[in-house]
Structures are given as structure tokens and as C-alpha cells.
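Reviewing the structure listed below.
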Amino acid sequence: MSSQAPPPDHPAFIRLPPWVKSKLRPFAIPIIQKVHDWVETECIPAEPVMRAQLAQDRWKTPKLMHELRKKAKSLGLFNLFLPNHFKESPGLTNLEYACCAEIMGRCYWAAQTMNCHAPETGNIELLAKYCTPEQKEKWLKPLMEGTMCSAYSMTEPDRASSDATNIGCSLRIEGDECIINGRKLYGNAQWNPELGFYILMACSDPENPNPWNRHTTVIVPARTKGLTMTRNLTIMGYDHAPEGHGEYVYENVRVPTANIILGPGRAFEIAQGRLGPGRIHHCMRLIGQCERAYELALIHAIDPAKKPRGKLIGAFDSNIERIADMRMGIDAMRLVVLNAADTMDIHGNKAGKYAIAQSKILVPIQAAKIIDECMQMFGGQGLTQHTPLPEMWTYARFVRVADGPDAAHRHQVGRDALKAAEGFRERHKTYNERHKEICRAWGVDPGLGGRAVEDLL
Amino acid sequence: MSSQAPPPDHPAFIRLPPWVKSKLRPFAIPIIQKVHDWVETECIPAEPVMRAQLAQDRWKTPKLMHELRKKAKSLGLFNLFLPNHFKESPGLTNLEYACCAEIMGRCYWAAQTMNCHAPETGNIELLAKYCTPEQKEKWLKPLMEGTMCSAYSMTEPDRASSDATNIGCSLRIEGDECIINGRKLYGNAQWNPELGFYILMACSDPENPNPWNRHTTVIVPARTKGLTMTRNLTIMGYDHAPEGHGEYVYENVRVPTANIILGPGRAFEIAQGRLGPGRIHHCMRLIGQCERAYELALIHAIDPAKKPRGKLIGAFDSNIERIADMRMGIDAMRLVVLNAADTMDIHGNKAGKYAIAQSKILVPIQAAKIIDECMQMFGGQGLTQHTPLPEMWTYARFVRVADGPDAAHRHQVGRDALKAAEGFRERHKTYNERHKEICRAWGVDPGLGGRAVEDLL
Amino acid sequence: MSSQAPPPDHPAFIRLPPWVKSKLRPFAIPIIQKVHDWVETECIPAEPVMRAQLAQDRWKTPKLMHELRKKAKSLGLFNLFLPNHFKESPGLTNLEYACCAEIMGRCYWAAQTMNCHAPETGNIELLAKYCTPEQKEKWLKPLMEGTMCSAYSMTEPDRASSDATNIGCSLRIEGDECIINGRKLYGNAQWNPELGFYILMACSDPENPNPWNRHTTVIVPARTKGLTMTRNLTIMGYDHAPEGHGEYVYENVRVPTANIILGPGRAFEIAQGRLGPGRIHHCMRLIGQCERAYELALIHAIDPAKKPRGKLIGAFDSNIERIADMRMGIDAMRLVVLNAADTMDIHGNKAGKYAIAQSKILVPIQAAKIIDECMQMFGGQGLTQHTPLPEMWTYARFVRVADGPDAAHRHQVGRDALKAAEGFRERHKTYNERHKEICRAWGVDPGLGGRAVEDLL
Amino acid sequence: MSSQAPPPDHPAFIRLPPWVKSKLRPFAIPIIQKVHDWVETECIPAEPVMRAQLAQDRWKTPKLMHELRKKAKSLGLFNLFLPNHFKESPGLTNLEYACCAEIMGRCYWAAQTMNCHAPETGNIELLAKYCTPEQKEKWLKPLMEGTMCSAYSMTEPDRASSDATNIGCSLRIEGDECIINGRKLYGNAQWNPELGFYILMACSDPENPNPWNRHTTVIVPARTKGLTMTRNLTIMGYDHAPEGHGEYVYENVRVPTANIILGPGRAFEIAQGRLGPGRIHHCMRLIGQCERAYELALIHAIDPAKKPRGKLIGAFDSNIERIADMRMGIDAMRLVVLNAADTMDIHGNKAGKYAIAQSKILVPIQAAKIIDECMQMFGGQGLTQHTPLPEMWTYARFVRVADGPDAAHRHQVGRDALKAAEGFRERHKTYNERHKEICRAWGVDPGLGGRAVEDLL
């Protein structure tokens, strides 16, 4: 039996696997509890108020959000995502933060109250990792203090930008200025007055023989001349205001070369370091969403007012099976993502690449499926605003294309996996040699009755 | 080889199975072609204009829709859905109309331009079937002429109304008036000024020992005092304005008993006759949607601007397999639904019940899956308003709960299917008896090596 | 309502869709009934006897089979599969025979009693189509009379022979003899003394610049010198004796050039004509199997001895849903295959290619799934010889790789489907032009709010 | 970063998640390595010899097996499965043994060489847990020493014995003898001369009002008079000789009451303690099987002799996606099972019940799917004895019904999960109360725009 004291019997820890509980440090346990209490008391019950405020003034951050962010910051709940190997970090490991992220996921916008939302998290990590002290002071500090927000701009409408070497938005350096021309999709909405800047990936050296050295990452202040957001991009019909997703035109946009991160031509170096942890956060938040969807489905299952053919919905054994499948599916996803977070903690982001991709591919599909099942258990009501399920489903669906569609990740995993094939072939050759020895020892003809697939090699 | 001339090589007929082509009468062929040309020329290219007009005045039928309806009516494209056994019918069979419905499905609102949209179709059929001549004059005529629109109101927020015997909205008869109290969900939006009336199912005789005789169907004019729409119901975030879906309170709503259809207590008689063909229309429209989604995916697959890792999207053999699966999936669905339509034509709606349920269960799931796959092939863009795919997916998803969730239909099919079990048992007993004879003839011990499952009966 | 009289209410016709019933000619109806009665009375009840006889002498056709074949022949039930456009045909259309094939599928070996089993059917059709009168007399006649049986030999162990241009078994012509060297997989077992000959596909002209002209089809008598069957190939552990599947070595095997079919280098011409109808037969037999598996599951569902937690298995609503899914799945498959058969009848095998591939891809997967579900409903017993389900599942699984694995067919369908993409692009260009006209007419800016995916082309 | 030294870079540890590696004690690491080397060197290469020996004398343990068992025992590789809380245990935790079990799974019969095969493992654990010292001396000792083998007999042909309260085989006590009558299915084959005894579950007190006290577990020596094995049960056609699965008749079988375990009426107490760890072993072995199947598929993917359409099988991106899905699927299963093993170690078998059920339900389905995919990648060859894949698939399929079919376990999980529903309702009531406070604070009407699903409670 484990020597380490497990965390107290607080609902924040109930579904964590034992190996995770035993890894949570005494430092982390009260933080996770605080996150839990914050979401339960200040976020979920405030959802209708947030909706009401947003309905009034769609493209402005609601007052409630401002107030909650101020309060969360004062409670020390800000920027928890930044892993403890950064000096700016509040001190959690990826694993510990993953436990927080699941809880945050229960309310669509809870992460934002704690400055732990995408794309802020990825941007903050990027700036913390690659910026000069001057750049940090100017761009990182306000982000971490929550006085500014930022966007990441990579996807393009005219290219298959899931393969980022295709990115074509042009950046030309003239003296101490970059001149940018092109079109972009996604990236938080310029219409939101709080948006401070875009972190833009552009093509600065299209003729460079090495396609990985052609691109540059640069900071573009949100209200720079020549940068226009032509419209908001909806996701399955949702505008996701006020952050939203934009469609942009860059027309001779000029920014100082001082805004270049790490140096010209080094965009891929940056991009590779950026996305790992953010994918884990998305996945854990999706798991938290699923837990909430699952709770709603179970409440519906015992609702005495809803009795088709005279039985509670939860009394139908088909629904009992569905509930079991959901329960097991959510718990299996959690094991995958927490293992990825733990792998990053132990071996670093790069070694964790496979486990991160595994999470990114498996979780959104499974989450969308589970939430869809919950909607279906609610009948017609499940698709309406009576439940938060449609928004949840949309978020899960969105993550299947965010940071590149499933297939791109799956190809990467498959190509890496195939590298082991040669080793397997060697292994089976060894089997065959040993097989012949054993056949000899037992007087069996290795070529006939004894023939196995290995012979066919 | 078929003696009957197949329809000309017009795109409207290209994917119809040969047996369907050979059943289309010379009368029907030009109508189907006209529907095709109408949708291609007047509807699909006008989608952005419809969207723009709707954006300006959300809860009013756009002018474009009015104009298109007038024009379609003048072209004889109105009310095509009403099967040829009604005297009001323009003369198509269910099978022939199914071919039209698929084409209409290519544009979300095309059916409405031809007065062939839900819930109008079901309501018109209901009124044509069960109303007195006086009622027809007052309610059916304006619907068929397209000067009024209507709603069907059955679902309730407080009950498991997928089992309609649970419906609780109360209707009390006092003299020549009905007094109605209760809450309803769905039913087209009262906010739309064109809405003429609700066809309401309410409970008039809750103590009747026969639960199938407790309910009454009555026409409630849309602007009757006491009837309030408290809000619009969104479907996966879409408001579907101006028709929409409402949430209603009935507070001492009074309507004349002359508005009762067929008589008090006869709601189930009506309900059973109502939904069959409408389900087929939904399914065929979903197939038309899928064809359009599939076309968009294929166009994307050969888009020279989109080349991840240097290859056209359609050059990846994984996508080639996906395209094959979509192609075959759509064609298989069509066979199911056309068979249901044909079964109704030959044996009537009641005998077609199973085939209708089969369509209703299989098609929306498959359609949502195919459209989802198309969205995924588009990457991030697929979820945005750059394509009509998100709206298409939402419609397919909606049909999974419309007219009762899948599971309710599946239970019905399964319970009916189980009725055959006794017959199967008899059949296997016959096998066993014959089996013993054969064993005797061949000198085989029937009890040992020869034992089969049938022995275990 | 259909004018044509539907077939009588005989169980052989019960699940046929109305459009099929109305196409069955008075000539065909009694034949289908006879097939039904034959399978019900002489085949299914004799299964344990067949098993017992096979257990005694594994590599010899059981006496029971001989007797049944004699009797079936005398009843005119022989060779029904050969379509009515052949002069040797008993006169059924593909559609009519498909109805027979489903019935035959209810018993694993029933088709063999009627000389309608693979590979005999494909071989007979091939010989009837491509042989000279002399060849027909020698090889086709005994097959059709049932006095000899044959094999088809194409697959090779050392090549990816699903792409038949890879076939490497060498055939060299010397004077009036062919000399054959190579290895083959599959093809009925030489160990069976009744086997008369192999129809072999071999490479006769490896340097021919046209890869479709390199191969030759030749008849190899089963007991030719130099041809050895090194072992029987099991399929999922089943030896499928006495027909079986072999593994062969050809070592300087000599056959007269008179045995070449159609001429040297024409193997692909032959191969393309061979497989269509056979695939439809497999698929219909699988559907017949599924019906039988389904019946066993339903009998189990009402077995009063089997009551987990006090309820009949069929009283669990999860099983009711499963039964509904099986019922609908089987019926949907049937529509797909019957449409393929009908398409061949109306437009010929070549035009039916897509519908045949659709059947070949969709049906075995679905059939295996349904039979698997039936096994699972039986619990532990379902996997044992207490039921015929394991053999049924294995047959369905086998058809997924027979005549090339799913993926090969799916690729072919997908590649053909992609040919339509250019046409779709044109169609959407037309939409865009019309769209601009409509925008102008309504004063909507076509470039902004009105922008659609078509603009992106 | 973890302080504990990870195990060396030996292939036995390569795919273990970091958290597992860090939990393996220095004591366990060399044992796991020895198991790995044993399976690689002595088992896998000997498979064809084992097959050849079995083919010669089907119902006798092959000499090779005897020799391997002797050798494995001398190497200290015997009985590793027995967890370290038993005094008879060699000292591994469940987690550490799980790592061994995966390796054993790579060869179908490797576990048997180490006396770690079902049903021995469950039986040994049962006897170690519940027997008196005298019983242990007589029955447990020879099992652990590997000089005898045993069977577990519970399932019945005439009952739904997945619900074990239905078990009807009668046990009557007369003096110091039990008299047993009934029929049983499964349980290792009496035909195997090495079989020592059956652990039988029978109904001794059918009238007991408490259905959980009606049954008794008793040891029945294999060759007791009156006990007959009427035939071997095949599993998907495999006889699994010489252990096999039997069909038994008990006719007045008499055994001493001293053979009763724990006492009359206590069978359920025993049954509940028995199956947990065994399920984990099955699941880990299936994972080992999947790894081997996956290796074979990858070797095939780079086989230069197999190039359909000129490309390596592994060069098709559809196969690359399939390989990725297999890789991720196997790794996700491993996380689930290892977590279950760890949970048993930390909290005991009872607390691990859910995690065990989760493994038992999810793993066999997923394993069968992955192995099926590997077979398909091999084309026709994949279903034959050229690969071990068909046997692997059959084992995975078998585990879906072993110890009760999926649905029984799923129902149990679902019913347990539903117990949380009341708590969720309370939680949402709390949300609602807090929601009203927040609404008041912000001046939002809680009844209208702000209404959420919680309101509907």
C-alpha cells in the first residue's frame, strides 16, 4: 500500500487514479481544491449571468468576467498552467495542472477567469521561453497580469496550412521594419477591444532551400494600420464572442523588427515548442466537460417527471449500458491525458510528443461522442439551450481541427511508429534462427508443419 | 432489359437506382426535372442573399422567400409532396416525390419555396385527411395556397413526451369553447408574423381508462389571448429564424370547439396518420444534403491550392477510402428510403410503418456521420460559415430527435420484430423433427455428435 | 398500387421489398419456392449428419452430399445461378437467382447441393463465356452436370496479388505445351479426389510493356505431374474440408496449349468478366446466414430457461434495440445487393460494377457484425459448436478478403468517384455566376456578407 | 523529474508508462526481464514445434510443454501471478506481475510454461485464500508445484448462468458425502489425463430465502465416478486441446464433505474473491498479443515482396493511419489495465472492482478489433495458419464472454454509476441557489434569459 498520504476525500480528487493522487505534492493539493471551489461557486452558477451580459454587448468582455478575473488573481489562481520549470511559474507540474484543467473544463469560460485559457496559455509559454527580457516586459507581463489579451495567427484560407511549411503570408524586412501582406484565418477577434497583439507566423524567406527556415514569428499589435478583420468566423454557428475567431487581411502592415521573436527564419523552432502543453489543457478541459455532461445525463436519468412507458430513463437497461460506457470512456481518456502530462514532467515536452498526440487524437473524438450520447438521452431538449450540451459538443468538435486536423496528427504518429518496423523484422529473424535450433533438438522438420509467418520473411 | 424508357440523362436522375427510374411515370419526369432546375438556379445560388436578408430582420420571412414562393407556385411546383391518393394532390406518388425531396434537400430552405417544408407538409396532410369541409376551407386552403403558415405542437418540457400518452397540457371543454392550460416546446415560432395557427395535442380526458382516448387535437390561432412564446429554442445554437422553435405557455387559452379535429379524444388516431410521409421527406432531404456536402468535399479534394505535404487532398489514399465510404453510404441510404416510399405507394402508410422507421433511424445517423467526415476533410474551415456543412450537420442531428429520439423508434421496431420469435421456434422444432428422421436414415445418433442448437430448445 | 400480382405469401418471399416481388416472373416464383423447401427440408435438418460424415472421412465428399446433389439435379435445382443470357442457363435473371442465393445461404453447404457454390459458379460462367466448343465439352459439361469439380488459382504467397498485375507464377510455351513454375495459395484442395482441374492465372510474357497483356489463363488438370499441394490452408482455424483451400507448388508442370483459354496474354480480359455475379452470390448467401443467425438469437431471446436477473433475454430493452438494429441492418444489406443484381440484369455486368463493389464492401462487414452480435447474445455458448454461428462468422470474415481485401475495392470505388470532382467544380462555378446575378438584383454585396465557399474556388 | 531510477533500456520496459516504470521495485525488474527473455527465446520460436507435437497426440500435454515447465520452475519463473500479500507468493505486486503477463501474452501458451495460466491462477488464488491447511496440502500444493492441473466449473447449459444465482446443478449432503447431479459447460477437459480436479459451484440449498446463500463450492476429483465429459466444446472452431473446454454430466457424483471450501452456502463469498486478478491477467495477455500482432503487421508493411500498385503496404497513408490507431489503441488499453492492477495493489481487490470491470469490458473488444485490422492488412493470408493472428483473435473474442458476457459487466458498472445520480442532483441544486444569489447581485432575472437546465430540476 502506498506510503504517501492520498489527498483528502474532496470531490476534486475523487476520480483521479491512485498513481496520480500519490504524485500530487502537498503544495498542489490545496491549489487544486481552490480551483474546484472557485469553479463550483463562482463560475458554473454564474453561467446564465455571463450569457445575459454577453447578449447585451456581444463584442466586449462582460463585466462579470472582469470581476471574476480580478478576484481569481487575488486568490492566487492566475496562470497556474505555466509549468514549474519556468521562473515565472506559480509552481505546479504539468500533472498537477492537468487536474486543475479538468475542473476548469466544467464551465466553458472558467479557465479564462484564471488566465488559463487558449490561446493565452500557449502564447504566454511561447513568450516566456523565447523572448528577450525587453520583449517579456512589453508583451509577456501584461498577459500574465491579465491586463491584455493576445492571439495566435497561423492558419491561412488559401493554403493547406495544417502543413505549416505551406504558410504563405509574406513578411519582408525593410530596415528596422517588417512589412506584412497576406490573409489569415482564426486568431482571436480584433473586434474585441481588449486584444493587444497577434503572434503571427509569416514567410520571410520563401527561396530558402530549407523549408523549415523560411518562416518568421513576429508580434503584431492588434490595431496596427493595414490589419483588418473582415468578419468573424463562426464555429458550427457559434460566434464565440467576444474572443471569437477572425478572418484577416494584412495589407502592408508595418511592425518594428524588434517584434521578431528569436530571430528571422526561426518560426518552426518556436512552433514546435508551443503546442504540446496546450493540447493537454484542451483535452483535460474536455474531460471536465464530459463529466458535467455525464452528471446532467444522470440527473435526467432519475428525473421523476420523465418516464417514457412508465419507467425512469435510468431504469432502461440500454441507458444503464450507455451510462457505463460513458463512465468508462471518460475515465479511460483521463488516464491517457494524465499519462501525457506526467511524461512531459518526467522526460520533457519533446519526449512527451507521442503521448500528447495520442491525447489530441483520441480525446476530442471520444468526448464529442460522449456528449452527443448525453444530448440524445435528453431527447429534443438536449439540442436546445436548456442544457449546455450543444456548446460542449461544439468545443469538442472544434478541438478535432484545432492545431491541425486529426489525420495530420495520426499520420505523424503512424510514420513515427513505422520506424520500429525494421527492428521488428530483426526480432523475427532471431525467432527464426532459434526456431531452427529447437526444431533440430526435437526432430521436427522446420520447413513443413512447423512453418510460420516468420519463414515468409 | 427493362422495356420502359428510363428518364433522360438529366442530372436529376443520375443516382437513382434502375428500379426507381423504371417506375417514374412520364407525368412525373418533367416535374422532377423542374424541381432540379429550380433548386440549382433559384435556390442554391441565392443562399447568401437569403442569409443577408435574414441577418437584417431576423424574425420576418425574407422578401426573397416571398418572391421565390410566388414564382414556384406559378410554375406548378407547390405542394408536390401531397400523395396522389388525395384529391387536393398535384399527382405525384410518394416515390416520385421522394426524388424531388432529395433535390430540395440540397438547399436548406428550398422545400419552403415550394411549400413542401416541415411542419407544413405534415399539417396539410393531416388537415386534408381529417378535417370537415368547413375546417378545410378555413385552415387547409390558406396553407396550400401558401398565404399562411402553421405549427404542430406536441412536445412538452415537463414530460417524457416521446411517449405521447404522457402529454399533460390540459384541454377542458366549456360549452362551445375549449380552455387550454400548459407548457409546450417546439412548434414554429409565434414571433413569426406569418404564423397562422398551432395544431395542438392536449389532454382532455385524463381519467379515461384507455390512455389512447384521453387526448384531443385542436387548432389554436397563433395570436389567441393567453398563448405566449417565452423564448426561442435554439438547436445546437442555431435559432432557425424566422420559423424557429418556441417555448410556450398556455394560460386559459380559449378556442371554439369547432376547431377540434375529428372529435374529442381522437388525437392518437390523428397522430398515427400524420408522421409517416414526413419522415421520408426529412430523410430524402438529408440525402440531398449529403450529396451536396460530398460535392464540396470532392471539390476540396482537387483544390490545387490545398496540398498538405505536396499532395492534393484527394491524392491521399485514406481520403480516397473516405470518399468511397461516403459515396456508398449515401447510395445505400437512398435505397432504404426509396424502398419505404415505394412500400407506402404499394401497400399504404400503415404497411410501410417498418420501412419508414428503418429510414428514420438509419438515415439521420449516417447522414450526420457523412457530413461530419466532409467537415473534417475541410480542416478548420469546415466548421465555419465558409461552408454550409455546419448547418447541414445540425439538421441531420436534429432529425435524430425530431418525432421522438432514435431509441423510441428502435424499441418499437425491436418489439415488433420479437413477435416473430415464436414462429422461428416452431420452424426450428420442425427442423429437429426432420433432423431425427434424417439421422435414422443415415444411422447417425441424433443425440451426440449430431447435436445442434435446435436440440437445446 | 402495383398491377402485377405479388408472389404468394410463402416464407421465401416475406422479406423481399415490394419492387423485387413485382419483378419476379411467374416462371421464377415456383423455382424460388422449391429452393426454399429444399433448404428447409433437406439441408438444414441434415447439418449434423453432414458434420458426422465429414468427421469420419475428412478429405472426401460425404455420401450425403452426393445423394443430395443427385436429388437436387433431378428436381431441376442445378446451376440456377447461370444468368438467363447464357444459352446453358436454366433461365433465372440475376435478381431472381439472388433471391435463391439468400435462401441457400441459410445452410453453409446448401449451394453445393444445387451446384451453385463458389468457385464452381465463377468457373462455369467463365468457361461458358470464353471457351471454345471443344473446351466446353471437356471442362464445362462435367462441371454443369456435377460430375467433376474445379478450382480457381490466382493468389500467390510471395506477391501482393490483390493487385493481379503482380502475379508471378511463370508459364512458358514450348511447342504445344505450357510449362508452369511457381507457388499459389487458395484454390480448392487437390486432396479432394473429386477435384478435376485448376483454372490458373500465370505470367507468360513478363516483358510485355502493357502489364495487362502479360498474363495467361490455362486449365491445369488436378493430378498433373509436378503440381503438389503442400498443405491445407485453414481459415480462422477451419479446414473447410473436403473442398478446403490449398497451398501449391508448380514445378515444371506441363499442360497442352489447347488448355489455354481465349489465348495467351488475355487473362485480364477473362478475370474482369469473372467475378461480378459471384460477389453478389456471396453477399446474398451472407444475408441468408444473417437471417438464420438472427432467428437463433430471437429463439434464444424468448427461451424460458435463460433468464438473467429474472427476465427473458428479449425482455431487456438493450437487446430489443440490438434486435432492431440487426433487423434493419439485414434488410438494408438486402436492398443493396438486390439493386446490384437488378442493375446487372438491366445494364449488364460492367455497368453494375459499382453496385457490385458496394455490395462486396458493405455486406461482409455488416454481416460479420450482426453474427458477432448474435454470438454475444448467446453468451459463452454462442462461440461453441452448440450454434452454427462461429462458422457463419468465419464465412463472413472470409469474404472480406476473398477476391481482394476491402481496401482494394474501396480504393477502386474511391478513385472512380473522384472522377466526378471536376464536374462538381464546374457546377459550383455556375452557382457562383448565378449568385452574382442574384446579388446584383437584390443589391447585396457578393463579396462580403454574401460570400460562400464557392467564392473560394 | 523522477528521483527513482527507471529500469534499464531493456525491450521489456520500452512501452511502459513512466509512472509504472518508477513503481517497479529493484526486486521486480530482473524478474520481468527474465520473463521477457524466456518468452522470446524458449516460447515464441518453439511455437511450430508445440503445434507439431499437439498434432500428433491431441489430448495429451506435449512433451515440450512438460520440459519447458520444468525449466521455468527451476528458473524461479513459476506462480509469479500470486500477489505478494499471500505467504505462498514469489513476491510480485499485481502491477509488477501485469508487466510480466503482457510479455507472456505474446505467445499463446507461454503463461502455461510458467504456471501462470487460467484457470490455474484463479484456482490457486482461491485455494490459497479460502482453504484449510489440510485442503491446501492436498490440492493447492500440487497445483503450485505444477504436478497437477485443475478446472473451474460454473457455467451451465440450461441456465442463464452469467447471473450465477441461477446455477442449478444440485449438491445434496448425505452424512460426510456430497451427492452431485447436473450439467456443466466449460471447465478444462477431463480428457486431459493431467487434470486433477474441478472446483465446482453447485446449488445446495435452493429454498434458502437469501439467494446468495444457496450455493456451495466443492472440489471434485477429475476421475470421480458419475462425472462424464460428453464432448469437447470448441471455441470458434478451435478445440484448444489438450486443456480444452468440456461439456459435463454429473450423475450421482459423490465426493467427501471435506472437499467443501469454506463451508456450505458460501460459494458467493468465494466467487467474488476469485475473479478480479484473473481478469487483469487476461487483459494484459491480450495486450501482449496485440503487440505481437502489431509487429507482424508492421513487418508486412515493409515487406518488399508485397507491393500492391507498386507501393509498400506501409507507404499507403490509409495504412499509416491504421498503424497509428493500433499503436494508440494498444497503449491506451495498457494504461487502463495497469491502473486497475495498481488500484488493487493500493486499495485491494474490492476497491479495484470498477477498474477491473473497466479493463474486462474495454480491452477484449479493442484487442479483437486491432487483431482483426492486422489480419485485414495481411489480406487473404491473414486468416490462415501463416500467421498466429486467427488464434489471437479467437482468444480476444473468447474473453468477451469468459466470466460473463460484456453486457453483464456493463450493467453492473452502469448500476453502480447510477448511484451517484442523487449526489449530482444535490450538486445542481446548490448551483441553482448560488445562481439566484448571483443573479440578484447583477440584476439579472433568474427566471428568463438566465434559465438553465438546473431550473428544470
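In order of appearance the chains are A, B, C and D, and numbering begins at 1 in each one.
By definition in this document, a residue touches a chain if its C-beta (ideal position, glycine included) is under 8 Å from a C-beta of that chain, and two chains touch if they have at least 3 such contacts.
Everything quoted here is computed from the prediction, not taken from an experiment.
With chains reduced to the mean position of their C-alpha atoms, the one farthest from chain D is B. Of the two chain pairs examined here, B-D and A-D, the one linked by more C-beta pairs in contact is A-D. Our note on geometry: chain A versus chain D, Cα centroid distance of 35 Å, whole angstroms.
One inter-chain figure worth recording: chain B and chain D are separated by 47 Å, centre to centre, where each centre is the mean of the chain's CA atoms.
Residues of chain C in contact with two or more other chains: 157, 317-318, 320-321, 386, 407, 449, 456.
By the touch criterion stated above, chain B contacts chain A in their complex at residues 155, 157-160, 162-163, 166, 185-186, 233-238, 245, 305-309, 313, 318, 376, 379-386, 390-391, 393-394, 397-398, 400-402, 404-408.
Looking at the complex, you find that chain B touches chain C at residues 1-2, 17-20, 22-23, 40-41, 44-49, 51-53, 55, 64, 295-296, 298-299, 301-303, 314, 317, 319-325, 327-328, 331-332, 335-336, 339, 342-343, 345-347, 358, 361-362, 386-388, 407, 410-415, 417-418, 420-422, 424-425, 427-428, 430-432, 434-435, 437-439, 442, 444, 446, 449-453, 456-457.
Chain B contributes residues 157, 230-231, 316-318, 320-321, 448-449, 456 to its touches with chain D in the complex.
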